[in-house]
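Common to both upcoming complexes is chain A, partnered first by chain B, then by chain C.
Up next, the complex of A and B:
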């Protein structure tokens, strides 16, 4: 399955939707660009995210149970400073979904 | 209020802070900003409430928490503060406890918010938390935080 002909939609999520989710968005953009994936990354809060649809959701591990169904791929993060770890998680998940 | 000097971001730091728990740690980071008039007292309450409501998602990396709420939660001026703790406290985070550096920031509008966070993220990736941990005094910590807002 090759999905590479459309833009990946990514949501980064945190409690208030404009602090850690924004840092996570910047890190996700960096990681995705390293992977060569064309993606639209948006940040939001947990409540709003529940009613949204995306290809990938990235959030603190403690939020991911709340985000089931928002996206086929939900990536839990614990260390926001680990951009390389995020890149590896995205790499693996996107390969599994046919994006890479 | 008004005039160029009041547009400057407020930068504060407290070091070797002794607190009983994470709530006190968040308040310790916010209090200098409240004292300076950069945020209202309710901003600190809101930062604590966010963790009560959503869990310790503000704990971004091992030992590091970033306390913040929304501009409409009582922010008067762009501001950034740190509290380094003499004894780390638990926020209840599964991976990143215990926390010994708490950052707090406030921004009066969305665009300054994004600008400050971008700079903060860059500096955190380059080791800001360790710089704060190792800062021997408040002036050194304030200088490290000033570098974050210096190129806004």
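Up next, the complex of A and C:
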């Protein structure tokens, strides 16, 4: 299915949704723009994220177990500053879902 | 004059409007399209309004909690002549000015002194500025706005510059790279943990991955849930022992018809809700301001690294995170019992700090002493938070005592230093506050100079201009 004519909804998540999730959001925006995907990226905390829906969730591994069901794609992060690694993870996942 | 007075009263004293304008300027400087500029400025302004509403709910929940626990253990509830919402109402504008001027000063210092790390942990830009404002007002009363903002900006600007530098050599060991620095107000306990952990254990021999933390503790990672549960349990236990009149009075203030037990349960949930709301407000305005700060600093300071929040090191040792959180919480709860038995003070378990500070320190402890180091780090953090809360509440009782229950270890040190200097210079008239700024700048300056000498001798990179490769060469040489 071609999903590319709609904007991708991405959620970056951390413990209280203020510091590291915001950094993740900025890195995800960079990674997605190099992939040429039009996306709306938001950041939030674990509690709020569970009541939200998205196409992709990006969070550190500590939280990914709590986030299944929020989005079909959940991407665990181990290095917060690795934009290239994040781009590769997104590339792979989005191909699998028919976004790329 | 009338125009200046209007601006002073309606812009510089109204934090929501001031933050909105700062965001507007930041977005315009980034040449964002009009819809982003308008949307961002409005979101930042509404974020501040939400923050105020959250603080009101939180302060109310805290007062009920303290009243019940105090009555249960036969103490007087902690006294104060002002509250956080009152203080934010009168000094919020100054806090916003200090965030902005302090951050600009910080960027200038990083650029001139080549200190490598730009502080980008947004909520701590806000909270540290608030703590420093409260300290100066507590020490010197109502002083000129320009003196307050000038001295406040110097203090926070120096702190943000030096804090990531002093912990940098340990941080590089923890994350095995130099991609980013540790910019978090848990740095003092993290540093102590790193120093004492080798005495407790060895990172290889006492490998933390051999420890299995039961999965049933994992819901505690959600600080909204853990706050509600821990405060709720203490509240209900407190109600068993509390004076029934005190409980009835507190409950009636919420709803005259409600049963005290049901009220106690709801009060704990409102406490957690207040924190969730205030964090939502902080998140909303930071989401607009931090990208602007980041964009400006990346352009202005080539070679610099971002200084980031505590959770960025959690993936290095997820088990240490859980061990640190559990040992910090247990230590704090034991100390809560000790404080109550001794009749000292009503402690409030600060779940957010027990999690983030305890976990951050434990990751450092683990890197230098395995699981024993991580557990020891948690115990140290528990002590720092309990005694800090007790001291901080008393020290800020005329301004914003509730800050003591939301605080990290570095805040307590900052409170002690600023108020100590304030006490020292208190007889010197209206310019004494300027002297505090000068002394703190001098102390940070000397500290930075010594740090750079020590780090250079140890072969650590000390400016923003050394390459990552120098570091990797060195560490691969060790292996």
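In this section, the second predicted complex is superposed on the first by the 100 of 100 C-alpha atoms of A that agree within 3 Å, B and C clash if a C-alpha of one lies under 4 Å from a C-alpha of the other, contacts with A are read in each partner's own complex, and residues count from 1 in each chain.
By our rule, a residue touches a chain if its C-beta (ideal position, glycine included) is under 8 Å from a C-beta of that chain, and two chains touch if they have at least 3 such contacts.
It should be emphasised that the depicted structure is a prediction, and the values quoted were computed from it without experimental measurement.
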Clash-or-fit label for the pair chain B, chain C on chain A: clash
Partner chain in contact with A:88 - chain B first, chain C second, else both or neither: neither
Partner chain in contact with A:79 - chain B first, chain C second, else both or neither: both
Which superposed partner A:27 touches (first chain B, second chain C, both, neither): first
Touch count on chain A, higher of chain B and chain C: C
First (chain B), second (chain C), both or neither touched by A:60: both
Partner chain in contact with A:14 - chain B first, chain C second, else both or neither: both
Touching partner for A:44 - first (chain B), second (chain C), both, neither: second
Steric overlap of chain C with chain B in the superposed model, located at which of 59-67, 311-319, 329-337 or 419-427: 311-319
Residues of chain A that lie at the interface with chain B and also at the interface with chain C: 14-16, 18-20, 22-23, 26, 46, 60-63, 78-82
Residue ranges of chain B in contact with chain A within the complex: 50-51, 53-58, 60-62, 64, 66, 68-70, 93-96, 110, 113-114, 117-118, 120-121, 124-125, 129
Complex contacts: residues of chain C adjacent to chain A: 120-124, 177, 179-180, 218, 221-225, 276, 279-280, 282-283, 286-287, 290-291, 294, 306, 308-312, 314-315, 318, 321, 352, 355-356
Chain B contact footprint on chain A (complex, rising order): 14-16, 18-20, 22-23, 26-27, 46, 60-63, 78-83
Touching residues (chain side chain A, partner chain C) in the complex: 14-20, 22-23, 25-26, 43-48, 60-63, 65-66, 77-82
